[in-house]
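I have a structure here, written as structure tokens, and I will follow up with some questions on it.
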């Protein structure tokens, strides 16, 4: 019975009624600390609507993003694959245009995008920050990419390890080299929907590509991820929450990727995220030899941290494995093993965070310094 | 990256990939017992898609129904209110036609319907079991209704107490009398989305209208109801799970309405639902005077039962209020209060179920007979 | 197979094993802001163990408190009611002494207490901060109370409206006046377990008694409250988290009571809690006449706020009711209703928080000032 | 304020008040089908109370069992390890005697037991169905075991792979052979608390020992297992829910062990549990070559089933992996791959259930026969 707005028949009151109902819902913020003077924006740069092969109206993508605590999204309907087109009569800019007013109301930054959808190579490419999506509909994929560049778009390679296009192995093609050399290809998805591509992470580091993790969602988001807020995210470390700020951050390679409680990114970002997330809640321990003391550590973020000891501590022993669940405090047992420990002003603990990945196969080393004396 | 099916470009493998992903999800059955030789079908006869003012593609309505344990749905897009029409070029049968193949695959009975959408009177009317929805698009609402009747449709009045159309009071109009007398109007929603209309329940009983409770959902269903399976339902007591069986059941007034843990319907249906749902798990109690025994009652359905004592028992006392949560066993304390109790073969307890409503203001009386000796 | 510590038989390793297992669990912090330079301590001053009529070992009370984010507890076993005494051979200080080492490890402030357990009048009284509980075991209740005072205890009246002791009405007895006049009775439970006593709130204000809300838990806490952290709490606004700080705060009447999402306390505490909990997330609205803008409000605490408009705003309209769920952001619709609104630097909204109670029957007025221009 | 029962001071009403409060809670039944004419009883034969090194009063064990849907428990306090004994003055029968009346009220079968607690060998042994626990307190462990046998006890070896007692490897000692040969040792825990012992499973099969899985719980049960009902269970297939029936079932080796969604037991029990749990909800498929049909399978139990294809089907293909979540229906895609399939009356699918274990390293083969024509 909602949103009946036809003039003459339905009163203006209905407009309000409809919108109120949409907005009278709540948003769950995602707790990840801002770092290094940047805001940590939660972004998803890849999603579809009924205007390509998705199954929701564009405004739903904005509502979902707002509810799940996102700051930024790009709707990226396929250019070349629009299975609903016999029922729908709209151009490639339409899904953005429909969603934009609600995004403005709700404070979501909506970025105009499209998915250039070709067989491999070059496979599927997202172009975001385009100005007129229609101009990217070209017979020749290279021309589409050049047009994207001319519009100032940021172009990235989607799901490079998708089995449908690369069933045997995940390969970098000459076409990608050509795109890279032409200054068109700037980024690469290392995570898409439910898949991780370790090769893509390695290429990103070798070729200086920006890493992204996106949902590529087609259905209502709640049908695909078990818990709310469990879609993959691209974290963008941006000076502000504006389209320009986000674009600058991407061009400056300031991203990290979060999925399934794993965070991937450069050490310069991951270390401050860890440090800003945890908080020691105990006073000076005054640990003695043969003594046991308990260190309380609070993880104030929505990311769990799984720590494994990478080298023993001097003067005391501590657990080989520590799990710091999100928004929880954990009590950690330290045992004095030498007489010197009583004199140490700080107890040094050496771990690596097994769910914080800095390179293919490399985990973030983290140290915890505990005030002792 | 889903469902890329264009011939020549994408391989047939993709078709399978896409469908598997849709179907590789699970359905939660709703536990409400079959009664009186009928199947208790869980139905929602009122919902929208992008083809009127809804926000999802028609197949999503089928997926949602399947996941939430429904047996039957009708998609009922507005005839006269199609705000997306400038983007969409499709007739009134289209949303049904798109959804039907998936409904068949998943075993959901999909009924073709439309919503005749007018100012009050007569307000909004659903016509379900229509054959060609396009023929109901008429300038004159009466002609649309006559056409519906000629197509064999079952017509019911939607959200009769909707404040937008009847802000002051919920009134029955001469136009409804005319529809009733012409044998067109057969049913009435007593519950819509999140609203209950007690007047409609009373009219249903006075005028022999079939009661219905529907979601009238426009968004993805998970955005509107806090828990899965919490949408309102029309229960239809049908000989089989076929379109004909359901239509016969409606014409024979075999429905009940479930919403927010309240069940409304005739005593002939509610009593057997209660009786088939509960199960005494204790042996003979052998209750004595001054003695306390515990009766264990298992509620094997998904409907909670809230019982209030309506008259005292003879020979023993029992709680004034009993709550039987769904799928749980509860232990109830009985205390002997006279010497006769030891000789009673059966202990009789007299309650009414405050969430089982048989008429406006009337609760279902329920008796529990406990084997004693 | 846990905690086998007998010397000669079991190795020292077992000690560690047992404790690790206890502590390898996590604590969920309760988010309520610190205010006015005080720390907001979460306290429960009334609970039982197997040493009176409770059903858990004293250490369990500390574990429960730590897990549920509490800062302070008092174990208050009954003096006069010890139904397990035939199985247990321990004095009245024992439950505290057993629990204290674990409390110290986990950073929980454990306060020594007892419950003086008499028929009404005076009913049940808790004495906390006692030094030797055994000395309070007296034939004469008055002598027990005088002894409590001499030990420096803080004495409060428990569950004053308990139906077992006052089945007809909740009455203040001459005995309580005597305790008050003697400077013994300092506080009163306005909430106990699952019961609220509005009379007690009124007496507290008339007689300058400290209000408290406690669980009075006997079973494992998880058996009694549906969700974790849902036990009633006494909030104490204390300069520090020490026994002395807490006692000073109680004597200075710096408490509030939280139960079932209702917070009761003086306006001087509730206003800053509300203000520190919410955060406006929108920029200047620039609201115009006939225009609609959306204000986003983030509630950063674990207390929901339910607001009802107490007087209309000038120049714009806003919702009659606003619910701010905990840890969520809500979008609120404001509509310009006069030309002046465009010139207003600040939009003033006038509500009362229906779940923040300052006196019997009085709700906290709250204002929201929205930057506009 | 609960359970004040002292005569002369507190009225008889209080007794009722206290008990009502305990019992006014609900029990969640565990859905595992009865098989082969037996009842499938859910049992936990190993747990502690404050009378040894546990942390709850004995009645709590009965309440927990009732709430979590168990049918049978044994309280098995340590004989030789009673760290609370300086505070408690009670003999070894006491925990059973305290819990028994509540068990009778709630219909829980409570079995008298003790844990004979020695260094390895023979380690810890549970003796259940003892008549007088005190007589098992002996200097010599062999004498304790002989006494258990003379009382008709069923004796089993607890946590045989416990690292504290066997840090290097899990070994069978001559002492266990002696107990076995003497007809004393009848069973063995293959699962305890959170540990699985594959060696114990193998010994059980080689030596015809009864397998058991128990919680060995010391704390309130909700502190140890994340979800309710997630403690390990011994399933006993018994003619009736009586102490004698259970003992006969144990002596006849009619058990299975359920933990973390893994079920271990003989094929004669696991096959009927699987067959009785699942239900095909589709009609005849009429699958054709090149055609796709969907088979709906409902898992009516609380045990998930994880199936892996063990050999290909003839005439059609089906998924390599199927997961049947508890209480859910799943839709499975079948594709015709030959012309013969259209003539097959039944489509045969060949899987093994990877979470149903029949022997060390052996998974249960399961076949699904789908009506086709």
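Letters are used for the chains, namely A, B, C and D, taken in the order the chains are written, and counting of residues starts over at 1 for each.
Convention: a contact is a pair of C-beta atoms (placed from the backbone, for glycine too) under 8 Å apart; a residue touches a chain by one contact, two chains touch by 3 or more.
All values derive from a computational prediction rather than experimental measurement.
**Q** Please report the minimal path length, in steps, between chain A and chain C on the chain touch graph.
**A** The distance in steps between these two chains is 1.
**Q** Approximately how many whole Å separate the CA-defined centres of chain A and chain B?
**A** Here chain A and chain B have centroids separated by 40 Å.
**Q** Can you give the whole-Å distance between the Cα centres of chain A and chain D?
**A** Taking the mean C-alpha position of each chain, the two centres sit 43 Å apart.
**Q** Can you list the chain C residues in contact with two or more other chains?
**A** 25, in rising order.
**Q** For this entry, which pairs of chains touch?
**A** Pairwise, the chains that meet the contact rule are A-B, A-C, B-D, C-D.
**Q** Please output the residues of chain B touching chain A within their complex, sorted ascending.
**A** Contacts found on chain B: 1-6, 9-11, 13-14, 17, 22, 25, 50-51, 53-57, 59-60, 63, 67, 80-81, 83-84, 87-90, 94, 98, 117-119, 124, 158-159, 162, 164, 192-193, 216, 218-220, 222-223.
**Q** Which of the residues in chain D end up touching chain B in this complex?
**A** Within the complex, chain D touches chain B at residues 16, 19-20, 23-29, 66, 105-107, 281-282, 292, 294, 296, 298, 319, 325, 327-333, 335.
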